[in-house]
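Here come two complexes built around subunit A, the first alongside subunit B, the second alongside subunit C.
The block that comes next holds the complex of A and B.
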């Protein structure tokens, strides 16, 4: 069986695909690539199905050595990529052969880079997915991030592929500036005062160092809760509610001063008031923010959320047709 | 003793972005709210609607995860409203078939004590332990009093989640006898595996080590989560608790804790489990009588 050698694991690199669904009711989040668009497009570039296993590198990417003829593509964060220490283009299908080494320099913008290899990262499928969920050590490569000096199995590729296909600039995400996160306000947003909600939407929030695949903690303002007699079973703190389900992308504000946006490895429920949900498309965007970056929440309705989802699907199909040409 | 019937407000329907519908049955916890959620989610599960990815009942609410490319969230909400008006409550003769399980707990254990001492700055009462604080604010003279209250009557699993296999348990006693505590002022970054925790009116066992906001009262020697599936009770599932399980938390001493731990480590531990059925309507009318029956079946 062919393998991919991991010379260096990077800071936090995991195997991901489009996620593990149907287990949220027992407390298991979907995991999966945090930036769906970049992961799907990386697979497309190398001729894989959209849901093939890819590597998600965080901040510092891995160093990878190939052991046979493959096509590789790097998407996601804006980061210089090298092949045998020579710069190569991201968002482009690159032919590699045995002994070639793919490396990363420091990230310029964004946070997560995706590496797709033709044939896919072929770790065992667990509960329908190859995605890694590190909290309980499920899926991916031994349920954990990659370490130095180990190997990953690769699937069979349909020939080495032509290489050279590239995603046009206008179909690559813009990762500069403040991340605008379109958000459907609701759930338990009644817990905030009018001023609290206005402050939530009007603040430039900074990503703290507590920002990972479970969720992002933000700082930058203080939100006021309405006074009430706490309902039975909630607990006495004003941010407490009777424990309930947390949607992926939902935002909670324990203590009023540290909003938490839950992401792909979310805790699936708990007892802090949720005040809205980042739309699915913009989870791709927050996934590309890092400690110190600024984010803003823009209130949108469900129609806008659904339209954004259609737009992303159209963009993916445009990439597919450009690559096929 | 009988309890006053709780009337639920109209359900509140909310969109959790484009991929989730959240339905709040009541802001307050009650068995009535939980049973109403059970009625609607059972009915929804039977309909097998294309685009429904997951159905997640919670304590006094529920959530449905959808694929909006296949199912418009607005259409789902219409269907949920229809279900609320047709099957929104369990019929009086509804019989819940479930299991009752003995769950041993060592209260005031050294491991959660060590952890809680590290996070006093995030607690409402830094000078007391979590259990001392809970006893005081619930009007008990001693820690033993609050432990007796938690172990005298069984609990029902009203929600699974936070992390895989964590059971949220609500005690089968009238509201005025329920114990309530707030969650930590700020969540901890660490909780030992198998911690017996308490927040709001809910008792939990943490499946894995990790962050947590619940007060820490003790430790269970037996796991609720077993990724290796080496224990017989985990042969079919990495998570032991199921929705609607009835759990009896039983206080044990260090000797029994260590004996149970060694059974777990040898791979021979089995929970004491009995199949039971009861009518939720009867439980609401006379909880003490139903509890006596449940415990009688469990230790027969």
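The block that comes next holds the complex of A and C.
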């Protein structure tokens, strides 16, 4: 039987891949691994295609029992990982056999751990992706987070693989300190006063308890909007504009001083001013911040954002060549 | 000193609902697996279960406080 036993689902573990694209215009967000880099690298370590289904555990990881020979790798958050209660290395391909149990202790830094298993988590593909979108209950494993005592289908693996491949330290993300989020200011930043924009970029924002795959609500500064005459089609709140599409990673301020960064499972459009957009590469970083952590927005231009994306692609290829050795 | 630690960050509550009594009072004995508090995070209220048995010597965080992962929330005394 090619299955993975879920002994304990953990706090909020879902099946994800690199996302469900092509349906945003109809209001379908991409979902997918919040920390793309960690998910892709986990797949590489076990010999999967980059976009194979992985598990994304949040705060408290799952407890998983294997039912055949596989290779497993854990990446993402800094968390002690165990195999049959013995510590094992993260960011490393580990050979496992039937009956072996993978577990997690308490996270030290970061927020989300990724588990890739050779063959991939082989849940049905829905609209081109295995990612779970829990708000509408589609994709992934029955459209929901994992529960205790159930099973997940695994794909066929090309042999058990050698195991032992590891990602060098310098190619693992640094999850310590304030998360610096490079941000392209706009589209509606004109709604902020000069002081409001300065506060947005000058504040160490704290991640509140309302931080999940949909968005991260932040607190710590003030955001003043300019006076204006309410335009036709816009709501009466100073932060309201005429409806627009929300870029993924965009930052809105729905009344008051608490910006929300919209992430993989967020609403795709609406009538709130988006004052900036976190660049795609740094969405990996905010995905690894937890409630209570600090984040800062650094203003960059679009060229910098595109260069960062190229850099990440190169970094992924560097990992690939290091693992293949 | 034996303590029970928060396994996740969030907002800490000692009672299941605002009008309900606390799950457990100082000085009460608790057993492993018993629900002793809630932590609200990611729009859900998650039960905090004791990972050891003993007597609650003291709650180290107040109702409504923010807690971090690994933070001590209860100090246990002699059983």
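Keep this in mind: the second predicted complex is superposed on the first by the 323 of 325 C-alpha atoms of A that agree within 3 Å, B and C clash if a C-alpha of one lies under 4 Å from a C-alpha of the other, contacts with A are read in each partner's own complex, and residues count from 1 in each chain.
By our rule, a contact is a pair of C-beta atoms (placed from the backbone, for glycine too) under 8 Å apart; a residue touches a chain by one contact, two chains touch by 3 or more.
The structure presented is a predicted model; accordingly, all values stated were derived computationally and were not measured.
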- Query: Are subunit B and subunit C a fit on subunit A, or do they clash, once the structures share the same frame?
  - Reply: fit
- Message: Quick one: is A:12 in contact with subunit B, with subunit C, with both, or with neither? Answer first, second, both or neither.
- Response: second
- Query: Looking at subunit A, does subunit B or subunit C touch a larger number of its residues?
  - Reply: B
- Item | Contacts of A:163 with subunit B and subunit C, given as first, second, both or neither | neither
- Message: Touch test for A:277: subunit B only (first), subunit C only (second), both, or neither?
- Response: first
- Task: Pick one for A:211: touches subunit B only (first), subunit C only (second), both, or neither.
- Result: second
- Could you say whether A:220 touches subunit B, subunit C, both of them, or neither, answering first, second, both or neither? neither
- Message: With both complexes superposed on chain A, which partner does A:313 reach: first (subunit B), second (subunit C), both or neither?
- Response: first
- Message: Per the contact definition in the header, classify A:155: touching subunit B only (first), subunit C only (second), both, or neither.
- Response: neither
- Write the angle, vertex at the C-alpha centre of subunit A, between the C-alpha centres of subunit B and subunit C, to the nearest 10 degrees. 100
- Partner chain(s) touched by A:106 [first = subunit B, second = subunit C, both, neither]: second
- Query: So after superposition, what is the minimum Cα distance from subunit B to subunit C, given in Å?
  - Reply: 9
- Item | Residues of subunit A contacting subunit B in one complex and subunit C in the other | none
- Query: Touching subunit A in the complex: which residues of subunit C?
  - Reply: 5, 7-11, 40-44, 46, 66, 68-70
- Footprint of subunit B on subunit A - complex, ascending: 21-28, 135-138, 143, 183-184, 186-188, 231-237, 240-245, 247-250, 254-255, 267-272, 274, 277-280, 302, 305-306, 308-309, 313
- Message: Per the contact definition, I'd like the list of subunit B residues that touch subunit A in the complex.
- Response: 14-20, 22, 24, 26-30, 53-63, 65, 68-69, 72-74, 159-166, 168, 170, 175, 178, 180-183, 185-187, 199-202, 207-208, 210-211, 213, 225, 227, 238-239, 243
- Message: Show me the residue ranges of subunit A that touch subunit C in the complex, using the header's touch definition.
- Response: 11-12, 58-60, 106-108, 209-212, 290-292
